[in-house]
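These notes open a run of structures that come right after.
In the two complexes below, chain A is the common chain; its partner is chain B in one and chain C in the other.
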Partner chain A sequence: MFAHILRRILSVAFTFIVVSIIIFSMMHAVPGGPFDANDMPVSEAVRAKMMAQWGLDQPLHVQYLNYMWGVLHLDFGVPFQSPGETVVELISRAWVPSLILGGSGVLIGAPLGILLGMAAALNRNTWIDYFASTLATFGLTIPVFVTSMLLILIFAVWLNWLPASGWPQPNRWILPIACYAAIPLATYARYTRSAVLDTLNRPFVTVLRAKGLSERRIIFQHVMRNSAIPLVTVFLPMFIGTATGSIFVEAMFRVPGLGAYFVSSIEVRDYTLQMALMLLITFMYCLAYLLSDIAYALLNPRIRVGGAE
Partner chain B sequence: MPLVEIEGLRVSFRQYGGRVDAVRNVSFSVNEGESVGIVGESGSGKSVSCSALLRLLPATAEIEAAKLRLDGVDVLKANKEDLARLRGRSAAMIFQDPMTAFDPVFTIGHQIAETIQAHRKIGKREALAEAEQLLLRVEIKNAADVLGYYPHQLSGGMLQRAMIAMALSCRPKILIADEPTTALDVTIQAQILQLIKKVQAEFGMALIMITHDLGVIAETVDRVVVMYGGEIMEEGPVTEIFEAPKHDYTKALLASLHSRFEPSKGDPDALAPALELRGLAKSYSTRRRRGFRVTHGEFQAVQAVDVVLPRNRIVALVGESGSGKTTTGLMAMRLTEPSKGQIIVDGTDISRLDTAALIPFRKRMQIVFQDSYSALDPMMTLTQIIAEPLHIHGIGTPREQSEKALKWLERVGLARSFGSRYPHELSGGQRQRVAIARALILEPTVLVADEPTSALDVTVKAQIINLLKDLQAELGLSILFISHDLSTVKSLTDSVVVMYRGRVIEEAPTERLFADPRHPYTRALLDAIPATNPREKRERTFLSADDIRARTPRYTVIQTGSAPSPDPQLVTVAPGHRVEAIVTT
Partner chain C sequence: MNAFVRLAGVLVAATALSAPVLAQTTVVAPSGSTAGTYMDYMKTVYDRGTGSELLQIPIATFDKEFELTPMAAESWTQSEDGLTWTFKLRSGLVWSDGEPLTAEDFVFALQRAATSGYDFAWYWDFAGGIKGWKEVTEGTADVSTLGLKAVDDLTIEVTTVAPKPYFPSVTSLWYPVPKHKVDELGDDWALDVSTIVSSGPFEIESWEKSNNSVVLTKSDTYTGPWSPMIDRLELDPTLNAPEVGLPAFLAGDADYSFLNTGQVPVATARYPDGIRKNAVFATSYISYDLDAAPFNDVNVRRAFYYAVDRDELTSTVLKDIAIPAGSILPPGYPGYNPDIAAEAVFDPEKAKQFLADAGFPNGEGFPDVEIWYREEGGYNGAIVPAMAQYLQAEFKEVLGISLNIRALPGPEWMDGLRGKKNNIFIAPYEYDYLDPSNFYGIFYNGGRHGYFVPEYDEIIAKADSESDWDTRYKLYGEAEQLMIDQGLIVPLVHPVTIAVVSDQLTGDGVQPNSLGFTQLDRLGHYFFTHITKQ
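So, the complex of A and B:
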């Protein structure tokens, strides 16, 4: 088991390095640089001196290694958009709102989705099932910017219960969290429904009933545990996807989060921030997949205990 | 008062467009300590009747009955608590496929202990101690270890024993066994049946044995209920049913048990066999991880097998699951690449031919698989399926191809009107007929039939066997018939090759093999065949793998003419009869 985890860590580390190389090369494949003639009209000698000072005259692979050495020490450089702080400072400032909103969205949406999916599977072909399916379909098909506008229209404009947007008062968090929660809720409801139905159709469930176990024990111990195996693989990656902020939701609710920087750093060619954001997301996804792999192995004895004697 | 009383039971399932009756007007009873068999083919309602007794049917089922009582309780009126008491304590059930009957994420010990704890107030530790005792009683020697095993770590036979232990855990008054041995090998089947009889006597339980196999009935029960199409055809003491069956369906069932053997017609042409396998072997490289150390090994699935399939003859390849018989069949077709050895078809070694050079030989060799459902493309009509080989080999115009396909439909006993149907519209037997037509439309010389009848009901199985036999004679086919079912082998094939752990251990003409088996494994295999008459049932002793090795026959150089060797080798003991033996001086 320990060796299994270590192997997974190594393979995830390898993935991270490959992705970082790809990102780094793509950045440099795009024409243009900080000391280009039209951006910075200086003499050839001054430019060469500046290039040398910043290490830009060195071969690409050396630049990559220098960069990664910095990354290893959490030194991502200075964002061009906001030279008064480092990239790390900017991200740790802007990520907080995104993490609070997106994280709560998943943490609220996923359990609700699981409950809804279970209720649907256990009451198959009843109004509960149809309601859950309808909700899940809406959640998956309606884009978040439409959902957020609807929420604002209903709760802020018509009912006037909640503020339409803004930061940082907690009552302004409710609508964006509801928006974020919609997708994990819908996805989880669908996944859980099919996973539970799948498990319920397996012969061992009949055996458990024939043994005289209570229906509650069958559902909450046996069916849940078996259905959880396919579910853990989607949980963490989805968490990352939402917790790094959505451009649309943050724009709709005027949240000073990370989402806006994804767009602006591309627009203004903010290399350092762009690289940092992409590496951050890659790292988070790698971590998420690693953790789900471990959770999967823990839940599934076929992997944990290995083959037949 | 009888333990089980069923009167006028009717079970129907709600479906789109109405209700379908699965069981109609079924009445029977079981007394304490009695053994009753319910026999019938799939869909006859035998399992549904017993599941209704424990209310284990899905919500779409509707149950009506004048009387449905188990252990004095009206099952239809039973509330949750009554049901929990009935299930497990009054009646326990064991199921067909032990591999899927356990929850894969909990240990065997946990699953037995939770059954005990569901019915009695008892601590986990004591429940586990009891579970260990139960495992010992079902003859699992390393019971303490097995408690901590997960289902995937045990073989099918061991799991079925554990399942029986679990069923016994609450001392039920009746044990309902729903096809408990259908998924198991013959030798394991015999062991499990004997175990069921033993624990039944020890625990003083009644037994309902649900099966499609009359041999199982003959071995285990006192009274038989014969079901067909959701109704009871007849009922009576087991000897009466076997010796004086009243109903036509029962007669047909019994007839399938006693099918006669006729040797295949046509000249075997000893000099030029249709197919010859010489030293054909398959090994897989294995990787085992222990921590970070990876050890590479080799797993010999098949070790240098020699098989000769003469023209116009049917040769059986027999053995338990994992013996390498299917791998050998697939290698003969070059559907699995052999690691070593030669495959000689009409004098040409095809074992090294490349894909293009192989095509003309593909036409001469065809295969039929066990699972006809997954062997036929569900999106194609029967005509398209049967004509496809002609299309692949570019024989005839499309019109001629479909005409020929329709002719073949008739030849395998289906109406031409079936041509536009799809596989899911057919029964298992009909699908297998289509698979046979598809294999034979190219008029091959060799047919490999990999367990073509083991998924079929007894009466249907007999029809397919007859069809194969007829087509063999008409077309002058040579068939390699892979099977674990010795009764089918006995009625169909001319000679038998017995495989055990990847080796051929005995080979002889069919009648001779059944009359005079020499190898201990062959004997064990033959001994495990269920009795065909309840008067013949008997206690059996079972050999372990070590016993079999220790009892390897010994011959002298003079008897066999082979060189002496401490390792077992195949020696000829009579014309056409070879056996693996140790030759001494």
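So, the complex of A and C:
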């Protein structure tokens, strides 16, 4: 187990370096730089001065090595679009709203989705099943910007129960969290339904029934545990996807979160922030898969991390 | 549609019945860009903190009728030879920390701009024409050689390379920088609310950097003209997109909102008295690489000029959000010449003839061309992509040529324009100061497009320094005629922004001007100091 974790950490480091080289090269290969003007040409002298201020006049490999040397010391540089703080400060500030909203969305949506999926599986082909499937289909197919607009129109404009958008008062969190929760809810409802149905049809369940175990015990102790594997596979990556913010939900609800920085850092060629965000995502996904592996082992002793069964 | 209108009616009625009552006069307004680096207009313009211009007092600014009004300056005079301007500042102006505001703060603002890589530095060369500006920005001359001098605490002297009769209007974008703060903290003074000081009608209370929204309050120390009538002003760039702004407006979270085309009929039906229009002093036009085939042929360019049906364009795909443009200058702008604008007609026969003269009868043999436009938000985001598709269909139908479309992020588009990496572009431009030289300057001696047309440059140079205003306007008219005859650009449309304003918002600011327009997004000094809320 420890040897495996060590191997995984080494592979994370390797992935990290590969991703950083790819991102760095792509970032600089795109035409246009951070200090090119939008409206009128900036004179070469002015541009050169600005590039030099940020060390962008050095050869690319030197810039890369400088940046990565900083990363080793957890110094991700200063974002061009917010010179008064470091990248780390910017991310820790902007991540809070995204984490609150996205995190709550998953933490609320996932359990509800599991309950819904189980209810559907255990009551197959009844109205509960149809209702759950319909809800899940809507949740997965309607884009979040449409869901957000509908929620705003109904609850803020029409009923006037909640504010339309904004930050930071907690009553302004409700609608975006509902919006965020829709996707994990729908995904989990579908996965759980099929996983539970699959497990219910397995021979060991018949054996358990033959043994005379109560249905409740069969479901909660055996079926659920055996259905959990696919859910673990989905959970952490989804958590990361949601908790790093959504440009749409954050824009519709005017949340000062991390989502917009993913776009703006590319748009304005904010190299330092762009690199940091990509490395952050890479790191989180690597971590998520590592944790998922460990969770598999805990859930099903037959799965041995490291491939040996 | 009717059902939608009815639904909207119900929504609005529900809102009106339960609109929250605010204790203080706080106005919540949409605002420009969501990215802000420094709260200092003289440090960066394109990435400035929201409201940085409202925090400071410019030398002069425009009122709603576009009349230049002295602000920090009390008066100004031009020397006999026309090269030197002397500005007398009002006495008693102070920074919000109590330090006196002096001529030195204005001079320092431009000296620093010339030497520290200011992204708006081109303005002071191209519009301001300050003596030595180019040399100093390029590092070949010392900052002391700039044509700028603080004669005493209240007197500024500016020397220009040629007579610039319109120089006072250029000063509408000249704000002071607190030299005492820069001496203490460097440029970082403008990064944190606790160290930001102001000289204008508003002070800063808070700044959310994640979306560049700010809360400003009425200044206690401001003694200049136009004191605010409201206590607090929240400027929020996230409300700028109509898709976000209108729902927030309907829910009572914003005092006005810009509208997209789909929202205009709904909002007009519900708030007939709340609709405000603004013809933005801006123009979208086609520009070319004049040196590359096929647009190095004037006949090709003339063919494009006559192939655009601007009336159809603005009454269909761009309904309510643009008006036809016959000239680079928008209607109502100083020097606008309606007779010249009227020459821009849709004439398919003429267009075909010009194309045939260029050797491409019915478009035969015409190379595939790709028109490049810049991806952006705001009014251009609503207009340009739709217009590009319209032009594609129009040029196919009228001229028989295939036009591909490519959207590029700002820096890439600019890179393509500067480096002449493509031969045809859709370019939008919004005024910086109110004088014809602003728009004509973008094609002068290289300018924005790398255009070098000697006859044109000669007329513009003459017009720029002409002190008789009638002669000046006549010269600019000649330049415009030359642009048409040479087909240098195809003027397409002038954007119009439409907004819905709460009936709680009153005051001169929200009343339309004599042209019927209400400025909600520029001329902030006038607007935000001339509104009140019930």
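Just so it is clear, the second predicted complex is superposed on the first by the 270 of 309 C-alpha atoms of A that agree within 3 Å, B and C clash if a C-alpha of one lies under 4 Å from a C-alpha of the other, contacts with A are read in each partner's own complex, and residues count from 1 in each chain.
As a working rule, contacts are C-beta pairs under 8 Å (C-beta built on N, C-alpha and C of every residue); 3 or more make two chains touch, one makes a residue touch a chain.
As the structure is a prediction and not an experimental result, all values here were calculated from the model.
Student: Applying the touch criterion given at the start, work out whether A:217 contacts chain B, chain C, both or neither, answering first, second, both or neither.
Tutor: first
Student: In the superposed arrangement, which partner chain does A:3 touch: chain B (first), chain C (second), both, or neither?
Tutor: first
Student: By the touch definition at the top of the document, which applies to A:254: first (chain B), second (chain C), both, or neither?
Tutor: A:254 sits against chain C, while chain B stays out of touch.
Student: A:49 contacts which: chain B (first), chain C (second), both, neither?
Tutor: second
Student: Which partner, once the models are overlaid, touches more of chain A's residues, chain C or chain B?
Tutor: Touching more of chain A: C.
Student: Under the stated touch criterion, which partner chain does A:28 make contact with: chain B (first), chain C (second), both, or neither?
Tutor: neither
Student: Would you tell me the residues on chain A in contact with chain B in one complex that are also in contact with chain C in the other?
Tutor: none
Student: Okay, in this complex, where on chain A does chain B touch?
Tutor: Interface residues on the chain A side: 2-3, 6, 202-204, 206-215, 217, 222, 225-226, 229, 299-302, 305, 307-309.
Student: Which residues, counting only chain A, touch chain C once they are in their complex?
Tutor: Spelled out, the residues of chain A in touch with chain C are 30-43, 45-47, 49-50, 53, 80-85, 90, 93-94, 97, 149, 152-153, 156-160, 163-167, 251-252, 254, 256-257, 260-261, 264, 267-269.
Student: For chain C, which residues are in contact with chain A within the complex?
Tutor: 10-11, 14-15, 18, 34-35, 37-38, 46-47, 116-119, 121-123, 126, 134, 137-139, 188, 191-192, 208-211, 213, 236, 238-239, 241, 243-244, 247-248, 250-251, 253, 374, 409-412, 414-416, 418, 429, 442, 447-448
Student: Within their complex, state which residues of chain B touch chain A.
Tutor: 54, 56, 80, 83-89, 92-93, 95, 97, 100-106, 114-115, 118-119, 149-150, 152-155, 163, 166, 170, 289, 291-292
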